[in-house]
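Listed next: structures, encoded as structure tokens.
Shared between the two complexes below is subunit A, which pairs with subunit B and subunit C, respectively.
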Partner chain A sequence: MAAEALSVGSLRRRSRAGLSNRQQSMIGVAAVLVFLPLVFRMEPRNFTPFTELAIWRFLGEGVVTVLVVSIVAIVASLPMAAALALGRLSSQRPIRLACTAFVEGIRALPLLLLIFYVFLSLPRDLPAFLSRETIALTAALMVYTAAVNAETLRAGILALDPCQMEGARSLGLGHWGAMRYVVLPQVFRDTLPSLIAQFTTLVKDTSLGSVISMVELVQRGIIIFQGFRNPMETLYIVALLFFFLNFAMEQISISLRPSAAER
Partner chain B sequence: MIHLADVHKWYGPLHVLAGVSLDIPRGAVTVVAGPSGAGKSTLIRCINRLETFQQGEIIVDGVSVGAPKTDVNQLRQMIGMVFQHFNLFPHLTVLQNITLAPMKVRRVTRAEAESTAFELLDRVRIPEKAQHYPSQLSGGQQQRVAIARALAMRPRVMLFDEPTSALDPEMISEVLDVMIDLARDEQMTMLCVTHEMGFARQVATEIAFMDQGAIVEKAPPEQFFADAREERTRAFLGKILRQ
Partner chain C sequence: MDLGLLASGLLVTLELAGLSIVLSLVLGIAIGVMRAAPVAPVAILAEGYIAFFRNIPLLIVLFFALNGLPASPLGIRLSYFETAVAGLVVYTAAYVAEVVRAGVQALSRGQTEAGRSLGMSWLQTMRLVLLPQALTAIVPPLGSVFIALTKNTALASTIAVPELLYQSRIIESRTFNPNVLLLTGLVYLAVTLPLGGLVNYVEARMSVVGARSQGGR
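Now for the complex of A and B:
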């Protein structure tokens, strides 16, 4: 087991060229960022609106919206995903059927429809601190991400050596105790890359909020370029902002990753 | 302490336990040996209900293992189990592996659980490894941690399911030494599935030879090695003692 952990660890850290995975992906991203303006023939003068603070404040509000919606949806989706995964593995037939139907149903729906449905089913007079659109978008993203990640977690639970469950049960831990302290922590660790990939998708999917008239980040970009007639350049800036949001999330997830010894 | 009466188990048409009866008094050490596929592991796993059985009775310290109303989690607290592949939790340190169950099941405080854990690590002779992760230890060390982890629940019975068969030869004795120490504790009742006949000779109260789901013969070690009754037992001993 120790030898295995070491070889996996060294595979992850270094490629043959001597660059770390992270350096390689940075080079890739930088290349794309440089190529985009060239390929799409962006013009430097079309970037002049972005020298104004007001434009940045306008976009900044969009970034805040994306951040709030994403963070709430991600944090809330995790326990729900775990509950759905455990539900699908339950020995109780009604629970298993209900969770299976829910997961399959939600995953089969286009996210766009889900956002509409949640929006339309919310009551009109909600407390004022959050708009109806924000709540609908957050809830839809949360439920959708939970359904997708439930499958990832379920696969992780099934893939974990049954010895772990037996070891925990043999000590007198109940089924739930064994799940909570022994199985799930290892499953989260093992499936972290897939979970993060889905979270990245979630961050980008906040742009679907525009269909329920939310003025999120992409919508703000559209408003700006309709005024300045510089769609390429404005959307490039919006893309950069999304890149930095997801990059920051990736950095956080790397810091959460367990050391090689814990594997 | 452990009482098995006519225990039967079927996997579909396969009769893996065919009427096993065995009595292990308090403080005794019983070694179960036999060819692979004899049902030794299944038998030991039935005792803490990691496996179910269909017929017969198993009673551990007065508690019927098979009875539907028996609380399995309570039952397992008094039965420590050591597995062939250690089954340590790789995401927890050695110390956390040992303190998890006492803290979550028996609800002892962290301080108390840790002081017990350090005592046990002393007893299994690796106090310096408390903050290491299982993958940083050798197989022998991992198995000793697994023994400490089982002992932390203060069980009255210890089950060993081929505890040394996944180990490199040079690590077997460090695990057996710990088991021998444990066997000398007069309060501890032990059931070991093992092919370590040296260990059996040294500490077993009784050795049971299993084949095809049944106990063919049982005897104290001197008699078992010098003068086994059954031909199958002698053939088996001939094979494993030759090495």
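Now for the complex of A and C:
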């Protein structure tokens, strides 16, 4: 293990002062985090609200909201993404054109516009166990993520060895059977790191919920700093929470990346 | 429906995007070069910048700029438009830097060694040998970064910059017709789709130039 790390370290030109990329990254981020309060003259007394458990519980509920919305959006987006990817590869010209137009169109729009549109078009009287804001944000994020993931899945399908399809077909499976039982499972496995990378974007994009005054993490930050009049310090803490959420996701994504031996 | 508002919004969006593209390219290249520098503290600081700003939402960067710049020791007082540019540039520069770094490090190590052995300093090697080669290779990923930046200008509406989305929301609040956003969406498409085409065009042109110069070698 130690010998392996040593050889990788000597092969990797980027390593400086014997540090791995991840260690450099952590030290660099720590430096930025020390730097910001100095540059923006944050005051220690403005951090005192964050010594109280109630404030952290309040922010923690925001973190849970962010995670739940992100997970629901990405899970719900996958079937739609798969359908769009297959649609773009369809032999039927109208289906292909419609799916291409939808995917390219959604991807070329600002997400905020999509969120506003869904929010404003929702009927006023929804069955109210969820707020309109939550439904609008989740639905908009789902559609947007589906369009982005459709491209990832399409690339994955195209990158898969055609022998997989041919093999499945010659075993007697139909085109759809082969897609469902042979091609798509492998594509999902191969594209998992990219799909998880999209999750990072999704976590960041939930912050747009605050624009339609949904009470997620950023909105909770705004509520806190309007009460304590400490905008910089609160935004700093919220930024930290987002950073660590994404950092954790990235570590999970790296650990899921198939190693060379598995391929 | 007041189309004049949309037109003025489009103009602000284009100004916002154009200015931010130029400035984030400059800042991003500077940070990308720092990231590839052989001086550990410089490289690590640049890496910290990239890692931090790629992992926090743009909205927070914008709010930070809005509240923080006047309060900082420099006491920078900016208009809403300039604040939006500052936020977009600081955020996007991290993505540009990552692309530049990848482009520089993808070049053969022999390029650096050749430059250095010709007596050039590290900075000269970077400026005269590595960056010109890297820049031609990174046009497609840079293009996607700038298209994302153009879409991100919509967030400037949250800090009262009268750009496209802001104006269309004003129209919506007067008419109660959310479909005005569909029209705005078409305007955004008319901006971002040609931008994608432009990236493809530049990429094609550059690859031809690259092939020619390689043939002459």
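We adopt the following convention: the second predicted complex is superposed on the first by the 200 of 263 C-alpha atoms of A that agree within 3 Å, B and C clash if a C-alpha of one lies under 4 Å from a C-alpha of the other, contacts with A are read in each partner's own complex, and residues count from 1 in each chain.
One rule holds in what follows: a contact is a pair of C-beta atoms (placed from the backbone, for glycine too) under 8 Å apart; a residue touches a chain by one contact, two chains touch by 3 or more.
The structure displayed is predicted, hence computed values, not measured ones.
For A:Q164, decide between first (touching subunit B), second (touching subunit C), both and neither.
first
Scan A:R41 for contacts with subunit B and subunit C and give back first, second, both or neither.
A:R41 contacts subunit C only, not subunit B.
So, A:M80: does it touch subunit B (first), subunit C (second), both, or neither?
So A:M80 meets neither subunit B nor subunit C here.
Answer with first, second, both or neither: which of subunit B and subunit C does A:A155 touch in the superposed model?
Touch partners of A:A155: none, neither subunit B nor subunit C.
In the superposed model, does subunit B or subunit C contact more residues of subunit A?
Larger number of subunit A residues touched: C.
Between subunit B (first) and subunit C (second), which, if any, makes contact with A:V211: first, second, both or neither?
After superposing on A, A:V211 lies in contact with subunit C but is clear of subunit B.
A:L192 in the overlay: touching subunit B, subunit C, both, or neither? Say first, second, both or neither.
Neither subunit B nor subunit C is touched by A:L192.
Using the touch definition from the top, say if A:G172 reaches subunit B (first), subunit C (second), both or neither.
First partner only.
Indicate the residue numbers of subunit A shared between its subunit B interface and its subunit C interface, in ascending order.
After superposing on chain A, no subunit A residue contacts both subunit B and subunit C.
In the complex, go through subunit A and note every residue touching subunit C.
Subunit A residues touching subunit C: 13-14, 16-17, 19, 24-25, 27-33, 39-41, 104-105, 108-113, 116-117, 120-121, 200, 204-205, 207-208, 210-211, 218, 231-232, 235-236, 238-239, 242-243, 246-247, 250.
Help me check something: in the complex, which residues belonging to subunit C touch subunit A?
Listed in rising order, the residues of subunit C that touch subunit A are 38, 40, 43-52, 55-60, 63-64, 67-68, 71-73, 105, 109, 147, 151-155, 157-158, 165, 169, 172, 178, 181-182, 184-185, 188-189, 192-193, 196.
Can you check the complex and tell me which residues of subunit B touch subunit A?
48, 50, 72-74, 76-77, 79-81, 83, 85, 87-91, 100-101, 104-106, 132-137, 149-150, 153
So in the complex, which bits of subunit A are touching subunit B?
1-2, 5, 163-164, 166-174, 177, 181-182, 185-186, 189, 258, 260-263
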